[in-house]
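Everything below concerns the one structure shown next.
Chain naming follows the written order as A, B, C and D, and within any one chain the residues start at number 1.
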Amino acid sequence: MSDSDIIQGLEKDLGGKALELANPDRRRVFLKVAPADLLAVVTLLRDRYDCAYLATISGVDKGETLEVVYHFASRAANINVRTEVAKASPHVGTICPVIPGAILYERELQDMFGLVIDGLPDPRPLVTPDDWPAGSFPLRKDWKYERPEERIPGGKS
Amino acid sequence: MKFQIPIGPQHPALKEPISLRMTVEGEVIRDADIRLGYNHRGLEKLAEEKTWIQNIYLTERICGICSHSHATCFVQGVEKLMEVVPPKRGLYIRYLVAELERVHSHLLWLGVAGHEAGFDSFFMYTWRDREVVMDLLEMVSGNRVHYAINTLGGVRRDLDAGQKAKILEGVAVLRKRSEYYFRIGASEPSFVARIAGVGRLSKGQAESLCAVGPTARASGITRDVRKDDPCAVYDEMDFEVGTADSGDVLGRVVVRVKELLESYKIIEQIIRKLPEGPIAVRAPRKAKPGEAVSRYEAPRGENMHYIKSNGSEKPERLKVRAPTLANYPATIEMLRNGFIADIPLIFAAIDPCICCAERVVTLVDVRSGEEMAVRLSDLRRRAAGRGPNALPKRNAAWPL
Amino acid sequence: MLTKLTRWSRVKSPWILHLNSGACNACDIEVVAALTPRFDVERFGVLLKATPRHADVIIATGPVTRQIKDRIVRIYDQVPDPKFVIAVGACAMSGCVYRGAYNIMGGIDQVIPVNVYVPGCPARPDAILDAVVKLLGTL
Amino acid sequence: MAALRTLLYILVYPGILFLFLYSTFCEWFDRKAYARLQNRMGPTHTGRFGLLQPIADFVKLMSKEDVVPNAADRGMFNVLPLVGLAVVSTAALLLPIWNFDLAAPSVTSFSGDIIVLLYLLSLPTLVMFLAAWSSTNLFSTVGGTRVLTMLFGYEVPLFLSVLSPAILANSWRLAEIAAFYQKKPLLILPNLIGFGVAVIAVQAKLERTPFDIPHAETEIVGGTLTEYSGKKLALFRLMLDIEVVVSSALLATVFLAGFPGGGLLGFVQLVLKTLFVIFLLSLIRALTSRIRIDQVVSFAWKVLAPLAVLQLLIVILLKGFLK
């Protein structure tokens, strides 16, 4: 099932939903989808294109919008589904019912980008330490941090 | 009677800080709850402030045992972005060091599995023979761990004839020892009694929970990035993917030793087919805007880097997904209904590289907030008993 | 005479506790490698102990992450006196490559007093051995 | 004069001083053999060939700060190491080391002393459980329960296998049993099965790999002794070492025909035979991996107990045949 078959198949199946379809490299397919029909696309990919294996979910801060990229990997190629969400109301639906293994990566998005995942079975913070100030999301471009001041032992600081 | 045992952040079985909270009934584990975050170093934020070259040394230090795999994965992706194609000899040396690292990682894992099961002689012997491959790596790259042999557009050190002969001789010794360990790992009764039938993971569970690497291959899923998405070198090598379908710790031992024997074959083929020519090509300072997904078969599973660049000399976004992270949900499934004595063994079976997985954490749904006798796993505060909320003896709910 | 005897016994049987505070486990593997046949630490009477109660020397690796900071202090309190700390590897000394990240404190000496620093990324097993022997020499 | 001889007997020869030195020597021997089996050097730099290593450990622990968790049961926590040490050293007095001459038996050789010795040897296990229970650390409580569950496993096969040679020699007095086998050395052979079962059961009693589940380092941190440090830990380790010496001396007396000969020859016999048994114990320790607590109990009842009963059967048939 070479890259071109996948692309034709996706265009036929998704029709209007596929806003953008690109194949920049061998065995790499990028697909842009609106956040609303994310779940439908993911179920289609899992059933028809043997993408049951979700590698990871990456978040990208593009100034005023947050982009979420779902990396699926099948035997034939690596299919990446991309959605964009305004930073003002960062809400994305969870895909845990379709892919149980995705709970990890959605948890990270919540911690690192402040993206609210609706319907996540277990929304407790994970990556950030217990005493982490609420509302500060490290991987956002506009987030600044102050380095803990350096204490030279022996009082020679 | 249920109560919770904390396997605290600092525990002899786990060489790295991860905290497990087991809901236990007598000796049987009913539920597991993993809390990481102790190892989270904020690497991805740091990567956005370093240039491409500096990032090689950063990605290499994500994990000690699979340092070369993270560096290779990163360099592969950036070379795609910069449209730089490294020469054949450079690629061959890069994947030679990759296979040597897989050998040293699997031998290390065999020893740790033996140590967790209390079989210290097996641990001592495997680690003694691991020194052979560490010497080879030190000869090739100058350092026992963190080889820093990769650079954008190729490799930094060349191989001469003497080194090639030494590698072949070292691999011959290691092959003899590995067959000996294969017999021990699969036949020593007291060891097999500890690992057979423990931490069972069915193929369906492994599939749905996206397990990767030897953990998935031990449950019968033949998924290996070297076969599915081979780069220049691997499609010229003939090797097969070792799998087992028992889905327990014994199956993982078998799969890893099979992979060891396969790696020796690959190393010998690489050494024989090493082409002549330069080992590196100059790479530009800036990468063209765009994004790349690079995948690599690390000893523990599939490594994945998503690199996005905006044309400057610093990456706009670097997402690193380590294999251990993908195996955590599967671990929770394996721990259910196991014994307390099996926790370190099951946990060691996925060969956790917690420092790799530390950008994301997993916490599969335990009954929410059942803060029973023990608060969040602070092993030492309870042991010290000096802390304000030490548990007075009377109300330690204990069946006896 | 008694102090000479206790000094001799402390030099001859240092029990170590390995403490990982967010390291990339390269130094941890080298610490464990020091126990194996090639670098055998037991020749000097060094034993790897599981609980802080039994240990005298703490071998700490890794740049202290914010999450594990208070646990490191607590474990340090639990080791009975006389106790020593060896910071192994560049991360434990100054945070190495991760210096400046938002989540790390940048070295063990920001949290607990350190007696000996072992440079190297990762420090070689023989360097760690040399550090333990040098530390004992200063007793 | 008899009082002085008994005092000397208690304090010096098979008493505290000798036991202290000999048990540290045995610990050194065990650690060295275990290391050599693992292709390692083992302690070499403290004293000649590392001989003084256990003594260095003991003195260092004695000089360390002693921490008592305030949640622990203070009284019990402090007294237990002393109780354990006392129990084990009294057990050592019963061994037929110096009071071998049946004509003028000393105060500690009486009919039935093998039963008292076996009882005294099972007391340290209870002391370990109480130590674990009184230190209220979660891990030591789990370790404590494991100590007891294992006790039910190996105790019966140990008793059966140790008592079958006594039945063959039809007397319950250690000195007489040893004398019986010295006269007829050929009768040692039928006891070999019992010897195997006893060695494995003693390995379980001393909580050494493959039965070191109560203080399994990688599972429950320190197990029973997680909370102990400083002087109390030193006394506990000394108690465990003396228990190794006494158990192997018991096996040597019952299965390998005791320690005949006068003072010196008896001493040499004692050292050789106990070291042989200790070498067997460290051999088992090096070759096997730790097995789970439920496997220990099932192994004990499915394998050890039937073998011990078989040994009893052989002994009874042999006695009938010899009559």
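Annotations for the structure displayed:
FYI, a residue touches a chain if its C-beta (ideal position, glycine included) is under 8 Å from a C-beta of that chain, and two chains touch if they have at least 3 such contacts.
Because the structure is a prediction, the values reported are computed rather than measured.
The greatest centre-to-centre gap from chain B, using C-alpha centroids, is found for D.
Compared on C-beta pairs in contact, C-D and B-C come out with B-C as the pair having more.
Rounded to a whole number, the gap between the C-alpha centres of chain C and chain D is 35 angstrom.
One finds 24 Å separating the Cα centroids of chain B and chain C.
Each chain gets one centre point, the mean of its Cα atoms, and the points for chain A and chain D are 61 Å apart. The geometric centre of chain A is 39 Å away from that of chain C, both derived from CA atoms.
For chain C, the set of residues touching two or more other chains reads 36-37, 50-51, 53, 65, 67, 78, 100, 102-103. Contacts with at least two other chains are made by residues 38-40, 217-218, 221, 226-227 of chain D. Residue numbers of chain B whose C-beta contacts span two or more other chains: 12, 37, 40, 42, 45, 124, 128, 358, 383-384, 386.
Pairwise, the chains that touch each other are A-B, A-C, B-C, B-D, C-D. Against chain B, the residues of chain D that register as touching in their complex are 37-40, 69-73, 136-139, 141-142, 145, 209-210, 212-213, 216-221, 226-227, 286-295.
Of all the residues in chain B, the ones that touch chain A in their complex are 35-37, 40, 42, 44-45, 80, 207-212, 223, 228-229, 290-293, 295, 302, 304, 306, 308, 316-317, 319, 321, 325-326, 328-329, 358-365, 368, 376. Here chain B touches chain D in the complex through residues 5-6, 11-13, 27, 114-122, 124-125, 128, 188, 190-191, 193-194, 339-344, 374, 379, 382-386, 390-393, 396, 398, 400, going by the rule given at the top.
Those residues of chain C that touch chain A in the complex are listed here as 65-67, 100, 102-103, 105-106, 109-110, 113-114.
Those residues of chain C that touch chain D in the complex are listed here as 5-6, 8-10, 12-13, 36-37, 40, 42-45, 50-51, 53-54, 56, 78, 80-82.
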